[in-house]
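As written, the chains take the letters A, B, C and D, and residue 1 is the first residue of each chain.
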């Protein structure tokens, strides 16, 4: 009984240290984690893969530093998928804070491809293979405006170029030229693309979301409003798995590397809940004992 | 253990420690880091608002291309400044009314379509919905459970009658579905919060201290 | 006049927000697009600028009145002014006239973003993992049928999501997926209907001038 | 056209059944061209679309990959066009017959949006009907929310133990619906605690919310004839920073040791920090918010939780404010309409061949 008594009275800072170690150890001693791909991620991958060559992939980078570790691997995996399959990409954000991270992901993946590229044709050129449209407030302006004319919403792109001067944008007018729009967001942005843009213009929408809001998105996935769903770091690891196995593209997989820590941390959390509850019920029964 | 020499990575590392110090207790380092965050984040916000919104969409059409129409949005926008002049501070209600009006109008059809009509479509008991699960004959059972769950959850949030009799039963079933839904949210939230911590340790152990590559 | 005109405006623009869903005619669609791009966008930019100004006034006022933690308001204002100058005069890519690189030390707005905003923002939320751990340990109790159901479903998801789940039993991940696809969707859909109807009620009250709290102020 | 005949030896089959029509439900300026795949679709590169304007010769207007059977061509309104589609295989073209002439026109009403219009009218009418009923003072019944009994019990317990009550409204602003609902409940609790002189601590995270909360507590004490009870350092503004506010609330819980904690209003990730410390002090905890992501933590850490709409219903029940009651009654009828649509559509969907789902596209 003494052990349970002690275990259920641990000081908060000891709990923090236990969690810190549970997360750090698997990072220092990495173990290969096999990733099983579930249907929501497979559907998103296939939807992006099936984009015809006269349409583009639009990526809404709407994650900010708060959800960076879950979402950046998704953005990078999506960009690798698009550039490997020569699918043209238009990147944008509904908010200003995600811009810096969108630029970081775009720079990293274009760098990866241009280092491997052997000719002008198979390298990734700004304006031809991808454009970075940047941010325009308020969100309803791009949500509804891009159904009529993308260049009327983003007169200038992130770098300040006139968008109607970019070669790629000459054949991309509005949502009819978008194969699928994948919204990577730590909040409710994907729901807006469904409620406003899909309702008005019928554009296909996919979502990459933080695991916090996962349970609220499944209802829109079940109705088919979302063509696919990536949820949290696990969803990112699944997409990384598909990019590696389906496209034979081997690169650093940050989300998959973290799965060891994720496992250790989850087991630690479950242990805390169980110990806490055992201590609670033991105390409650002993208090009842005293009363009797 | 090759610790980095890039000054910016050291600044990031020290700011990370300032925030983590909140775990011990609220302290001046945490307050410094938090106020710096709000300051620099708003500096970033101001930069893009001016360079990528106001200049290309208001100042250059109005002053470079001389399109005088843009005087109108410019004037209405300036009404926001009236907030600081008490005698005419009511004028700030005009731009607010335009913004709130259009947004509130656009929300209604979007909500009716995405949150009501399409959600009803996904719940209706009909063969094509049964096959949508592509789980063979199980699909019928899944659709029926889903249907019952939606009906009972809705009955739990029904306030015009006491939860007695049939309504009592359905709302009891409803709360069970709600609790499973919250459990799912709880489980995924644990994954999300832990992932953020893993991301921070990937930075500290990687680029900063060089323990992992 | 001070109340009737804004309420009339909110009604007119409310209707103008609804109509475009039903009238695809190119003339009206272009008008609607122009209204958003040339009007709402500029108003929103002004509102942002005014919001930043009033934030600075609040902290300036805090310094003058020496309220609690006033010293840190200096940090906020200096952080805003320095990063604002670097951004406005240095340009988004450091392309304008203000030099943003001195002897190899670069400090353009994107570098400030990556090395100040990113670490602070992500660590702020990484704290939550620690709070989640101590809350799991000290507060999350199976005190009733409801909370036991909740914790049970949470365990299924927390284990089902891990690669480890496959080794326990190949059915576990698909069972976790089932919990998300059926009972979770049923519960959240029931809740969404309520929230959607509530949202429509609130929007109608605003457009029709029944709900006037946004006007603010007495007269 | 001559070189097609020369290539007759290994000619490929052109696409068949070419048809062109004005793209429906659009702003005009677009014609949809459709065709059946050429039987040699697998080996051709794709299809070229040729257009002739009022009998002039054909020119190339578009190209699309193989396996595709539809192309939307950008056109001028009210001009007659005819189309031909050619199967393209390394610079050899095999033309289909010409399509009937077609003109693109804008439509005034989008027929695809008919169900959306009907749905919007139904639900708006229901809600407006009840808001009018409420404004005309008609008596509207709402059941007592079970959460409110837990509130009475918590106040009673705090009074017995002679310890204060902590009322935390979260980090919402004054126009958030959850914060407005919390004001009503604060007023009710202030009246109850006033009767037994139990101290009520209300730390807020927004200056405007602070001013409104102070007025409400002052007013509640006045209505029960005890204006002297109001103590200005029990209702105060702490800070508007999310985590610093949570840390300050923890400090109050550990120092003042309130017997009951209320977390009612708009909460984000900081809800966890406060609910945890409160649970560890052994106080009765009652929560209420419409932020779905925070509800799981409140349910497991608190003794009772008002879930989403229950918070709105509780505030309407207490305040009896007609507009709140009207909205809730309207939403209730809206739920009945949704339930009946689900039932009727399912009956049709199960018993008949009618494609019921197309009605809800």
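By definition in this document, a residue touches a chain if its C-beta (ideal position, glycine included) is under 8 Å from a C-beta of that chain, and two chains touch if they have at least 3 such contacts.
What you see is a predicted model; the values in this text were computed from it and never measured.
**Q** Averaging each chain's C-alpha atoms to get its centre, pick out the one most distant from subunit D.
**A** Computed centres place A farthest from subunit D.
**Q** Centroid from C-alpha atoms only, then distance subunit A to subunit B, rounded to Å. What do you get?
**A** The answer is 14 Å.
**Q** How many angstrom lie between the centres of subunit B and subunit D, each centre taken as the mean Cα position?
**A** 12
**Q** What whole-number Å value describes the gap between the mean CA coordinates of subunit B and subunit C?
**A** That pair's centroid distance is 4 Å.
**Q** Among the residues of subunit D, which ones contact at least 2 other chains?
**A** 113, 116, 120, 123-124, 243, 292-293, 296-297, 299-300, 308-309, 335, 338
**Q** Of all residues in subunit B, which are in touch with two or more distinct other chains?
**A** Within subunit B, the residues that touch at least two other chains are 22-23, 31, 34, 41, 44-45, 48-49, 51-53, 57, 99, 102-103, 106, 108-109, 111-113, 115-116, 118-119, 121-123, 147, 150-151, 154, 157, 178-179, 181-186, 188-191, 193-194, 196-197, 199-200.
**Q** Give me the residue numbers in subunit C that touch at least two other chains, ranges are fine.
**A** Residue numbers touching two or more other chains: 18, 20-22, 29-30, 36-37, 40-41, 44-45, 48, 69, 92, 113-114, 117-122, 124-125, 127-130, 132, 134, 136, 138-142, 146-147, 150-151, 154-155, 158, 161, 180-181, 184-185, 188-189, 191-195, 197, 200, 204, 214.
**Q** Indicate which of the five shapes (line, ring, star, complete, other) describes how the chains touch one another.
**A** Looks like everything touches everything, fully connected.
**Q** Quick one: which bits of subunit A touch subunit D in the complex? Just the residue numbers, please.
**A** On the subunit A side, the touching residues are 52-54, 176, 199, 212-213, 216.
**Q** Please output the residues of subunit C touching subunit B within their complex, sorted ascending.
**A** Residue positions touching the partner: 2-3, 5-7, 9-18, 20-22, 35-50, 52, 54-55, 69, 72-73, 75-84, 86-88, 91-92, 105, 109, 111-130, 132, 136, 146-147, 149-158, 161, 178-197, 199-200, 203-204, 206-207, 214-217, 219.
**Q** So in the complex, which bits of subunit A are touching subunit C?
**A** Interface residues on subunit A, with respect to subunit C: 10, 12, 15-16, 18-20, 23, 33-36, 38-39, 64-69, 97, 100-101, 103-104, 136-138, 140-141, 144-145, 148-149, 152-153, 158-160, 199-200, 214-216, 218-219, 222, 234, 259, 262-263, 265-266, 268-270, 272-273, 275-277, 280.
**Q** In the complex, go through subunit D and note every residue touching subunit A.
**A** Subunit D residues touching subunit A: 64-65, 68, 72, 116, 292-293.
**Q** Over in the complex, which subunit D residues touch subunit C? Could you list them?
**A** Per the touch definition, subunit D meets subunit C at residues 25-29, 106-110, 113, 116-117, 120, 123-124, 127-128, 131, 135, 174-175, 177, 180, 239, 243, 269, 272-273, 275-276, 278-280, 290, 292, 296-297, 299-301, 303, 308-309, 312, 323, 327, 330-331, 334-335, 338.
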